[in-house]
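Listed next: structures, encoded as structure tokens.
In what follows, chain A forms one complex with chain B and a second complex with chain C.
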Partner chain A sequence: MEETVITSLPRRKRFSLGSLFTKKDIPFAIGCPALVWHSLFFYLPLLIMILSSVFDLSESGSFQGFTLKHFLAVQNVAHFRIIFKSIGIAFLTAILCFVIAFPCAYFLAFKGGRYKTLLLFFLIVPFWTNFLLHVCAWFFVLERNGFLNNLLLSLNLIGEPIHFLNSFFAIILMMVYHYLLFMILPIYSSLEKFNLFLFEASSDLGATKLQTFKRILLPLTLPAIRLGFLLVYIPAFGEFVIPELMGGDKAYYAGNVVSQYVLGNYTAPLGAAFTLMGACILMVSIGLLLWIFKRISKSLGGLSV
Partner chain B sequence: MTKNKDTLRSIKLVNLSKSIGEASVINQVNLHIPSGEFFALLGPSGCGKTTLLRLIAGFENANSGKIYLGNTDITDLPPHKRSVNIVFQNYALFPHLNVFDNVAYSLVVQKKGKEEIEKRVLKILKAFHIEEHIFKFPAQLSGGQQQRVALARAIINEPDVLLLDEPLAALDFKLREKMLIELIELQDKLKTTFIYVTHDQFEALTLADHMAIMNHAGDIEQIGTPKEIYEFPISSFVAKFVGTTNILQGTLHNLDAEPFMETPNLGKFHIDIPHKKAWMYEGCDMSMSIRPEKIFISKKPVQNFSNTLRGIVSSIVYHGRSTQYNLLLQDQTKLQVFEQNEEHFPQETIDYDDEVYLYWQKENVVLLEK
Partner chain C sequence: MLYSKVKSFSAVTNFSIVLLTFLFLYTPIVVLFIFSFNSKAFPAPWDSFTLYWYHELFQSTELWLSFKNSLIVATLSTLLSLTMGMLLIFFRTSGGNIHKFLPMFYGTLVIPETVLAVSLLAFFSLFSIPLGLPTIVASHTVLGLGFVIPVVYTRYLELDPKLQEASLILGASPTQTFFRITLPLLRPALLATGLLIFIISFDDFILTYFCSGTAFQTLSIYLFTTIRSGISPIVNALSVFLLALTSLLVMCFFSPKIRTRIF
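What follows is the complex of A and B.
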């Protein structure tokens, strides 16, 4: 006769939240709120925008079918020029941000010592104040009777005040000022974790400071630099407040075109079409940017890659 | 002019001092490391031995004193201009470069030709048996493999001096033993001066031609061959730090004929004074160090030994090849004895609480000043 071996006592099944999910579902469950949020406030508006760009609406607002006429209408030389101008200024902003941010992050991470946190705090403080206040502050600095002109005049570097405001210079200055932190923070956090022995190892193996920078520091911080570039480049492309406030009437960028169409009478579909067109070109340019980063990373890598 | 490699690869430290902040880490160190030697620097944690290594590598600047490589003063040379390479304790491999590129690094920064680099790197990777991992990144390697890559990277440029900062600390015991043998063979082949920093006496004794013992204050207590250091320590610090020992204290008497040491509670011990030292005089305080393996233990009294003591076995630790007896003497002094486990079934078995006789020859004792 066979013996029955009881290995475990039967348990009554009780309802619990845990029984709804297996372990595999947990990441999904955690991601759910974000997904809902994103769907409601990002994908839904995006869908509305896409639809409004292809809907043919009568003047009374009734649906008359699909059309591509809005897309055809926004495809003109002036628009393309504005988009490429925006790409240009976004790229320039990102480059300048990088040039300023890298030494700054380097100093913070390696030379900051015990003042590291304090210095970082001072970098972040301006971002607690309203954006318009920043602009006002810069007005005081840049205006005809402003701080900068007075300083240059008193040093006899210039004969008469320079027209700083309403210029390309003013736009770039404000853009760089506004987006700088998005470049500093990723690079700083990457440098902060940097294994300092690698500097010593590199130097021990015969590398000069420049070679160490090129072959060790740069390749290892490249992912952070790339992240910083994206964080600056993408919003800078769509920026419309800064050109409007700092650039005067002549400054006209992709963001300004969109805001004008969207706020205008019956021109919202044109704005939607223009935005989508701009977004496509932006995406291509981001692809190009990532490709460039890949090439740089490869060229900084070793011989065997 | 021919280069005389014999002296060119020596390291000489003259009155070298280094302080970090207020604290003096290294104080007036003088040390000569002969060319082509395997030299070990042994000391407790925090004694400044790593700082000494970093000074030789050039990562730290000395406050005063000079460092010579051969006849060249390298005190103020930056690290990349010294023909000195280091193997870091944590290896410091470049995480973004694979094994090949890590090893090739020093040749690449010297802008050597691609073919030469390839040839030399492949040769050294083969010698270190890591050629099959050539395209792996450091994170994909085991500790032992990382160790080999770090070694290969440091010696590919054929430095005059190789510095090793506790390179085996992260490896398990078996692997460590294997690497020790490989290091000895490597050094034999290269004839590069190796300076090996460790707090592990076993490593130092195994590897070194000569070794220096540093104490807590960053001073060098003794320099000598492993045998000299182990058998004839000059201070109780060295005696206690290298190996285990028993120290008995007393006063010195009868220097010229049949000298002995008088202890307060254990009586007299015959001692041997082959060379009279400056500190010795009638009635002076002294210590003697007796290694545990130089004491014999028995339950029966034995003749023919210069010194005898009686004690009670307080604990027994079985080590495999030997057994350690911890004994309590009449005055509650503790004493250790190692006995080789020569036979499966020894004639007498010693157990806890047994009263035993301890014997040693007076020649096997080291006399220490205090």
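What follows is the complex of A and C.
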């Protein structure tokens, strides 16, 4: 009796999840809400936005055919200048974030010791509060009688208060403050997984610290740096709240133009055309950024991923 | 030996940069905190200590209404995106191939939020959908799905398939296996991403600004209009309150039960 039981059990054959039940146990319908939702509220709106920029609509909203007039209306030197200014500020933000984030992530990952979690906690808390409150907080620091002016005055570094608010400086400061964590976290988590024996091996084989950094550490964290750049660069391009609140009337970036067109009366198609134009230039610039990263990765040589 | 070399890899400069970073992050917050007790409003210098603004904070009805709205939006969009994400994973456990759909959810990472907001507004106005709570929840859920699905799916792939196989071999149905094996194993990832989406939705400004219409106000919109018309120390008091609340949430995020890799 016992013999038969044993022989009836498959001995060698491995079970795989797929073979244990057929697909009709759980129909596709159960899995698809997420797909439907994303198609309906992400891809369809994008398509509609693209179409609305080429549709010629009459006053009453009826369809009259395709047109390029919206694009012709928004393509002028001033608009292109604004788009490139946005690209510039987004890139500058990303670079500054990287310069601050890399040493910070490095310290947290390798030298945090038992304070690692605590430091990480204090790093995350500010970023999880509403960023409009940060804007408000910086007003207190930067304004004429504010903390920074008082500090500089009491140190005798400046003779009279400086106007920090409503300037390019204020915008860049706020942008870096707002996007810093998106750069720190990917780099930190990449460094944390870093195999410390590679340092050992590198120095045993006679490499200097700079060589180790350039040929071991940097190539291995480059994918994380690239991710950080994208996480900062892309949203910073579309940012319109920070320039509006910190930059005063002079600051005018792509996001501001978009919000003004789209929320204005009857200018939504122009807004769509401008958004599309900006998004295309953004995509090209992202391609360029990725290409630069590829070149850096190649020129560093050493370990590559 | 090993650690001493790593330690010597970089000098004191490293530490000072970290110190400066934390100074950069916390100076405005500390100043904000101190000035929440100032008896004179912005931009007056320090006058005298008062708790008046905290009293005012808890009296303001408009503020708490928008706070409540933000909570509703964040809760709904978190629940929706977690449920839909889980259903997709449930479908995957039956051997359904969702791998080819995965790149679809990375779209929110590549498209700036402003572009998404503009598109959604065009979409809603084309179909004459009135702006309000449903439209905000719909838009925030899109953001949420962009986080839930990649993160939870990656964690799912890292699970030991033997556990599910064992459950199935021992006679549990796929549904039982999912609810009693897979889901408990994924709980940390689900809680962590849930918390993250909640915060993102609660603090979101751009999508809310475009999709909220005029009647519905969340906390971000309220703050934006307040800051534009001049800062009241009530906002300081509010941020102290919110910082305390956030610290609590981040502590949950760091608790060993929830802790998981997001990036």
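Heads up, the rule we're going with is that the second predicted complex is superposed on the first by the 267 of 305 C-alpha atoms of A that agree within 3 Å, B and C clash if a C-alpha of one lies under 4 Å from a C-alpha of the other, contacts with A are read in each partner's own complex, and residues count from 1 in each chain.
In the analysis below, a residue touches a chain if its C-beta (ideal position, glycine included) is under 8 Å from a C-beta of that chain, and two chains touch if they have at least 3 such contacts.
Keep in mind that this is a model prediction, so the values were computed, not measured.
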Which superposed partner A:Cys104 touches (first chain B, second chain C, both, neither): second
Partner chain in contact with A:Gln211 - chain B first, chain C second, else both or neither: first
Which of chain B and chain C A:Ala272 touches, first, second, both or neither: second
Chain B versus chain C as contact partner of A:Ala137, first or second or both or neither: second
Touched partner set for A:Phe197, first chain B, second chain C, both or neither: both
Touching partner for A:Pro219 - first (chain B), second (chain C), both, neither: first
Partner chain(s) touched by A:Trp291 [first = chain B, second = chain C, both, neither]: neither
Touch count on chain A, higher of chain B and chain C: C
Which of chain B and chain C A:Gly255 touches, first, second, both or neither: second
On chain A, positions contacted by chain B and by chain C: 197, 200, 203
Chain A residues touching chain B - in the complex, by the definition given at the top: 195, 197-198, 200-208, 211, 215-216, 219-220, 301-305
Of chain A, residues touching chain C in the complex: 15-18, 20-21, 23, 25-26, 28, 30-35, 37-39, 41-46, 48-49, 52, 100, 103-104, 106-108, 110-111, 117, 119-126, 128-141, 143-147, 177, 180, 185-186, 189, 196-197, 199-200, 203, 209, 212-213, 227, 230-231, 234-235, 237-241, 245, 254-255, 258-259, 262-263, 268, 271-272, 275, 279, 282, 286
Contacting residues of chain C [partner chain A, same complex]: 1-3, 5-7, 9-10, 13-15, 17-18, 21-22, 24-29, 31-32, 35, 42-45, 80, 83-85, 87-88, 90-96, 98, 101, 104-105, 107-116, 118-123, 125-126, 138-139, 141-142, 145, 149, 161, 164-165, 168-169, 173-175, 199, 202-203, 205-206, 209-210, 219-220, 223-224, 227-228, 231, 235-236, 238-239, 242-243, 246-247, 249-251, 253-254, 261-263
Contacting residues of chain B [partner chain A, same complex]: 57-59, 78-80, 84-86, 88, 90, 92-98, 100-102, 104-106, 108-110, 114, 117-118, 134-135, 153-154, 157
